[in-house]
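All chains are identified by letter, namely A, B, C and D, in their written order; residue positions are counted from 1 within each chain.
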Amino acid sequence: MAGSSFGTIFKITTWGESHGDGIGVVVDGCPAGIPLSLEQVQAYLNRRKPGQTRYSTPRKENDNVVIRSGLFEGHTTGTSILMAVYNETQRSADYSEIAGYYRPGHADFTYDAKYGFRDYRGGGRSSGRETIGRVAAGALAGAFLKELGITVTAYTKSIGPIQASPSSLTTLITERDASPLFMPGKEASDQAEEYLQGTMKEFDSAGGIIECIISGMPSGIGDPVFEKLDANLAKAIFSIGAVKGVEIGAGFSCATATGSKNNDAILGVKNGHAVKATNHAGGILGGISDGSDIILRAAIKPTPSIFKEQQTIRRDGSPVSVQIKGRHDPVIVPRAVVVVEAMAALVLADALLVNMGARMDRIREFYNFSREK
Amino acid sequence: MAGSSFGTIFKITTWGESHGDGIGVVVDGCPAGIPLSLEQVQAYLNRRKPGQTRYSTPRKENDNVVIRSGLFEGHTTGTSILMAVYNETQRSADYSEIAGYYRPGHADFTYDAKYGFRDYRGGGRSSGRETIGRVAAGALAGAFLKELGITVTAYTKSIGPIQASPSSLTTLITERDASPLFMPGKEASDQAEEYLQGTMKEFDSAGGIIECIISGMPSGIGDPVFEKLDANLAKAIFSIGAVKGVEIGAGFSCATATGSKNNDAILGVKNGHAVKATNHAGGILGGISDGSDIILRAAIKPTPSIFKEQQTIRRDGSPVSVQIKGRHDPVIVPRAVVVVEAMAALVLADALLVNMGARMDRIREFYNFSREK
Amino acid sequence: MAGSSFGTIFKITTWGESHGDGIGVVVDGCPAGIPLSLEQVQAYLNRRKPGQTRYSTPRKENDNVVIRSGLFEGHTTGTSILMAVYNETQRSADYSEIAGYYRPGHADFTYDAKYGFRDYRGGGRSSGRETIGRVAAGALAGAFLKELGITVTAYTKSIGPIQASPSSLTTLITERDASPLFMPGKEASDQAEEYLQGTMKEFDSAGGIIECIISGMPSGIGDPVFEKLDANLAKAIFSIGAVKGVEIGAGFSCATATGSKNNDAILGVKNGHAVKATNHAGGILGGISDGSDIILRAAIKPTPSIFKEQQTIRRDGSPVSVQIKGRHDPVIVPRAVVVVEAMAALVLADALLVNMGARMDRIREFYNFSREK
Amino acid sequence: MAGSSFGTIFKITTWGESHGDGIGVVVDGCPAGIPLSLEQVQAYLNRRKPGQTRYSTPRKENDNVVIRSGLFEGHTTGTSILMAVYNETQRSADYSEIAGYYRPGHADFTYDAKYGFRDYRGGGRSSGRETIGRVAAGALAGAFLKELGITVTAYTKSIGPIQASPSSLTTLITERDASPLFMPGKEASDQAEEYLQGTMKEFDSAGGIIECIISGMPSGIGDPVFEKLDANLAKAIFSIGAVKGVEIGAGFSCATATGSKNNDAILGVKNGHAVKATNHAGGILGGISDGSDIILRAAIKPTPSIFKEQQTIRRDGSPVSVQIKGRHDPVIVPRAVVVVEAMAALVLADALLVNMGARMDRIREFYNFSREK
């Protein structure tokens, strides 16, 4: 199936494998007239680029983006935008070994089951490198949201048992970007580094949680029933390789709460937004934004590529004991932060465009048609 | 936007409000030749019907289904199938009071923000009654899956702090159906009843967790990147009104695990399925099924309609203190069990159909075309 | 496949067979706040109702529509709208004969080839009666367009060799509705009646051409490449059972014209519309409306159900000579006029909604966000 | 809107402008295991390449294709395939003049109306050069169809008043490829050349008709109601820039025929195909293939870029008399032949994949599940 497209009006289609020529995205349905520079997109990509800290794979890739269409005189034209990153180091690798067996925790077995064979060079489309196209498109969605005063901010909420301790929403980005793990709060970040070093010594890997906060969202965005804003956010975040859980607002903790504790008292309205005593709903009720911050969290599994010995099978079904070679991220969380931001931004951009047709009075106004004419 | 449709090939479109004429669904893209009786669909609907225990709203509705198209001589024809339940008691209610304010925890404010007005008669499309169409369609998707030996079983995993204790997968359905809360294990079910009675005495409500287990799924189903099987399951489950979190397999617990603990060792292959030492992946790797049981959990928030006094605002923004009248489910979880089953079944049916075009060798065989011809 | 849905934002899904319980449509994505009465929808349906003249099948059907959801206090709510017509006379018919062979010119053979069996009661989903859902939805799309000052007018352009002779666009509807064949110009209409009577005497049937004129369309509507406005109109019109050709503006005649003759000189701009010396383009250039009238024509084949003896085969492949019994429309064209209008209206409504996201400046304005904030 | 994607399962997304960096396509949902070489794709592209005869623009472009993803060891992998052609001569052109006015017959005015500005360098996305992505994707769809024994053959049916005279279907391709106009029959081709030379002398351009014949199609492909095979073919062909009309089988001529003449008598069944006395239906009944050849025709308008003086307006609305400079194809038809083939092939590939889920008995067989298990 055509699984590489996402979105209804603001739609992206990604292509490329970890060890092919390159990786990229076509963004289609992006409104005309958004200012966009290569630097803006590159800044997003740099946040997921490997080799920047000791906690990410030292594979050398500059991940320089090119934009091949859809821009004219520094603005989007309204037509489809191709962005690409060409792989630089794909040819040197030796994959003959992993070609022969199925790595535990990877998609090797399932791709083979689906397609009858697989591109064994480093994961093909199931590689984390596939997210380059998402991030490039997310930079554009972010530029769109910025035009409407909406910000999307994700950060490392936890690594293993260590929880982040951001001081406040205003300093969140500064604190996050001061940490090699994109984890706000120096103490927490230091502890997480320590935890990771322990994990690495044991040839093992770690997981964690990413939180994403969306501010400035108008109320009334999202659709009833199947196109609920939270349902689309959940799909978007779950489509990122290593995600095993998504929650909105109070999330799983609401399962043990009572209604009187979980309901958010409404205190008033400000700029069309509900002012609430609490935000357990995470900014969404009935699938539609209420104007409060939208808050979601994603559980990221530990990197499946570890150096410890593991049990698996060869393509012919015979058992084999393997130790993954090469060097891999001991934790995926920090590099996935910008991917979560990108996917959330894409959902919001699409929902905002789709929502413009919700009310006849505003449509008439948009088309400048009064009934008195 | 058209938010009432779900699916690519096996597609459903729902319609109807809690207090309108009726509620239903059009199922389109269902293969021809599936045996289907009214009784099969009714059996699913009866599992979500109100008024069956003291833990659900005593509103009297028989929820009798009619099928208006797409069946011929007891089999699906391959064309669109309309199923409807006509409301019986909608006219008696008096909604003049709730029309005037926004109920906390409900979609009243957000619908008003989106559409400029709302159908205030009991929630309109945001009512739990909207799920009737999903369940009727789910009965059909279940019939489809049964033809391929696939079963979908959901049950109440927890209510408030009380956890279910199913003895085994084989007795799960029997134990579940013996409980008024669809909660397997007599002890757990009794404790949950006790907990609920306490909650009701305090004019409050409870939440919980639903687990869903899919057995018999072939390996290789699901698509890379955005149409991952888990991403579509997450969207499907999150589109159910009260869901605030979804996890697959080990879910959020994998955030604190290490790679060596979280990876599932592969021991062999049986009938094309991976035989694994554990199933932390929950049956899906890289968005594609591996043939193990698919396991997901959904967090359900406490019923927002409670009798306790709550703070909110009127449509004009002025504050008001309210006590919701009428009688409502003190917990949504038991009636939502079949809704989770239905949504999961719909995702699987669609994925199985979409997947048929994955490999050229099988397509040639399907169209009975050999290259030697 | 799910073939019963049409549209991206303003989406319809139809259901029902000619000889089942009923026929109808779910309209989803219709903006909230459009005034709609049952009478408006009925008026559209009455234009395709059988039994009104001697040139349509005398099957007695009142085709009374009911609306089951999506309306509140006389306005659309923004959620899905179910409209249905219940069949009244389906039970009396005897289809045992046509069940045994494939009628020439009908979809009997192809449905059987696709599904392995068919609902032989009068054509099932391939019956002209399937268009009831389209027309009901078209009434709603028409109400939407009216809010923006856009009109869609179709009429019988020709029947067999007889061409309509409308005096002017202003009197077109009056002249059309004065003719039992919806063919403007008394002389042409009379001649066409005469032609039809001749055809009927010979136990034969006639075809013709329907023209549709869309006035008041803003310029700039439609999308480049695959979602061209004319491409979507062509698909919409071609999806009507008996259509074998569609052309826009000068259509097939441009194949023999030269560029200098076919190009429309642009004389000026008025209210954002191109003022052109001619309109060979039919109001669309590059798939996008230029503000001139959009003009399209559809070729409708002669009714395939004729009383003349015809050669065909039984389900087992053996040859048989048949004479179709019952009574059928000797020409489909007049009753298809409103179906063409409906399908065109649906395309335009959708295109107008989709187009709202084309330009960032207008999106900012819509969301009331200035950069200076 | 996202107008650059086409298809449901076999889906393409195109990008690129005539005078940007390059032009291309992402093909997604293509089955795994189809052998594909660069040469195969190049052969298709060479058929639309400019500068090959005196009847096409002498702009020098080699249109060399590169494939960046989705191929592994000479076969499709089942994941998305990026194909690109980089522009070689885009930088030299001077578009300052045409930037200032709207060319008659082009999309200049409408793009400006839609987006508020336009990429005036040679038409941007409305340029004929946009079809490169379609043709590259069509080569792949053609390779897929070949695996099932299906061929798609288009040719120049007429140029201006000159009609092609192919001797037979078997020699059609040879005769076509012997003509610089892809017009079978030496006499007709010579006359058409003469006609074109006359047109060029008058600084004018010509239109024509392309016919496309699809052989080997299984019966039962296509879907009822809106996803009729002919409706999707019509949309696909109408989405090609210069097309103003599409007809299937007898097409517009059936408007003047009678039912007894237009119906195709069915004589028998051979290999699951209907054997018919005639093929006025053009291989499709009720939107579903009957196994006969599918026959469609497209009317192509004369090239709008002509050297004759024309009347138009500047961006500010003031009138201006213009003569288009540069050199342009005096007729689009020959180069559009392969574009028609490509679009038809894409529709068929998609319909074949989508159709696999039509019948439960075949789905069970596909998944190798018998009820007796």
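Methods note: contacts are C-beta pairs under 8 Å (C-beta built on N, C-alpha and C of every residue); 3 or more make two chains touch, one makes a residue touch a chain.
Since the model is a prediction, treat every value here as computed from it, not as a measurement.
Q: Based on the averaged CA atom positions, which chain is farthest from chain D?
A: Max centre-to-centre separation from chain D belongs to B.
Q: Could you compare the number of C-beta pairs in contact for B-C with that for C-D and name the larger?
A: By the number of C-beta pairs in contact, the winner is C-D.
Q: Centre to centre, by mean C-alpha position, how many angstrom separate chain B and chain D?
A: Centres of chain B and chain D (C-alpha means) sit 44 Å apart.
Q: Compute the distance, rounded to whole Å, between the mean C-alpha positions of chain C and chain D.
A: Each chain's C-alpha centroid was found; their separation is 26 Å.
Q: Express in whole angstrom the distance between the two chain centres, defined as the mean CA positions of chain B and chain C.
A: Averaging C-alpha atoms per chain gives centres 37 Å apart.
Q: Listing for chain B: what residues touch at least two other chains?
A: Residue numbers touching two or more other chains: 1-5, 8-10, 14, 29, 32-33, 78-80, 114-116, 125, 224-225, 354, 357-359, 361.
Q: Spell out the residues on chain D that touch chain B in their complex, using ranges where they run on.
A: 8-10, 29, 31-34, 76, 78-80, 144, 147-149, 218, 224-225, 352-354, 356-364, 366-367, 369, 371, 373
Q: Which residues of chain A touch chain D in the complex?
A: Listed in rising order, the residues of chain A that touch chain D are 1-5, 7-11, 13-17, 20-24, 26, 28-29, 32-33, 66, 68-70, 72, 75, 77-82, 84, 114-119, 124-125.
Q: Using the touch rule from the top, collect the residues of chain A that touch chain B in their complex.
A: 1-6, 8, 14, 102, 104-107, 109-111, 113-116, 125-126, 130, 158, 160-161, 199, 202-209, 219-228, 230-232, 234-239, 241, 244-252, 254-269, 272, 274, 277, 281-282, 284-291, 299-306, 308, 310-313, 317, 319, 354-355, 357-359, 361
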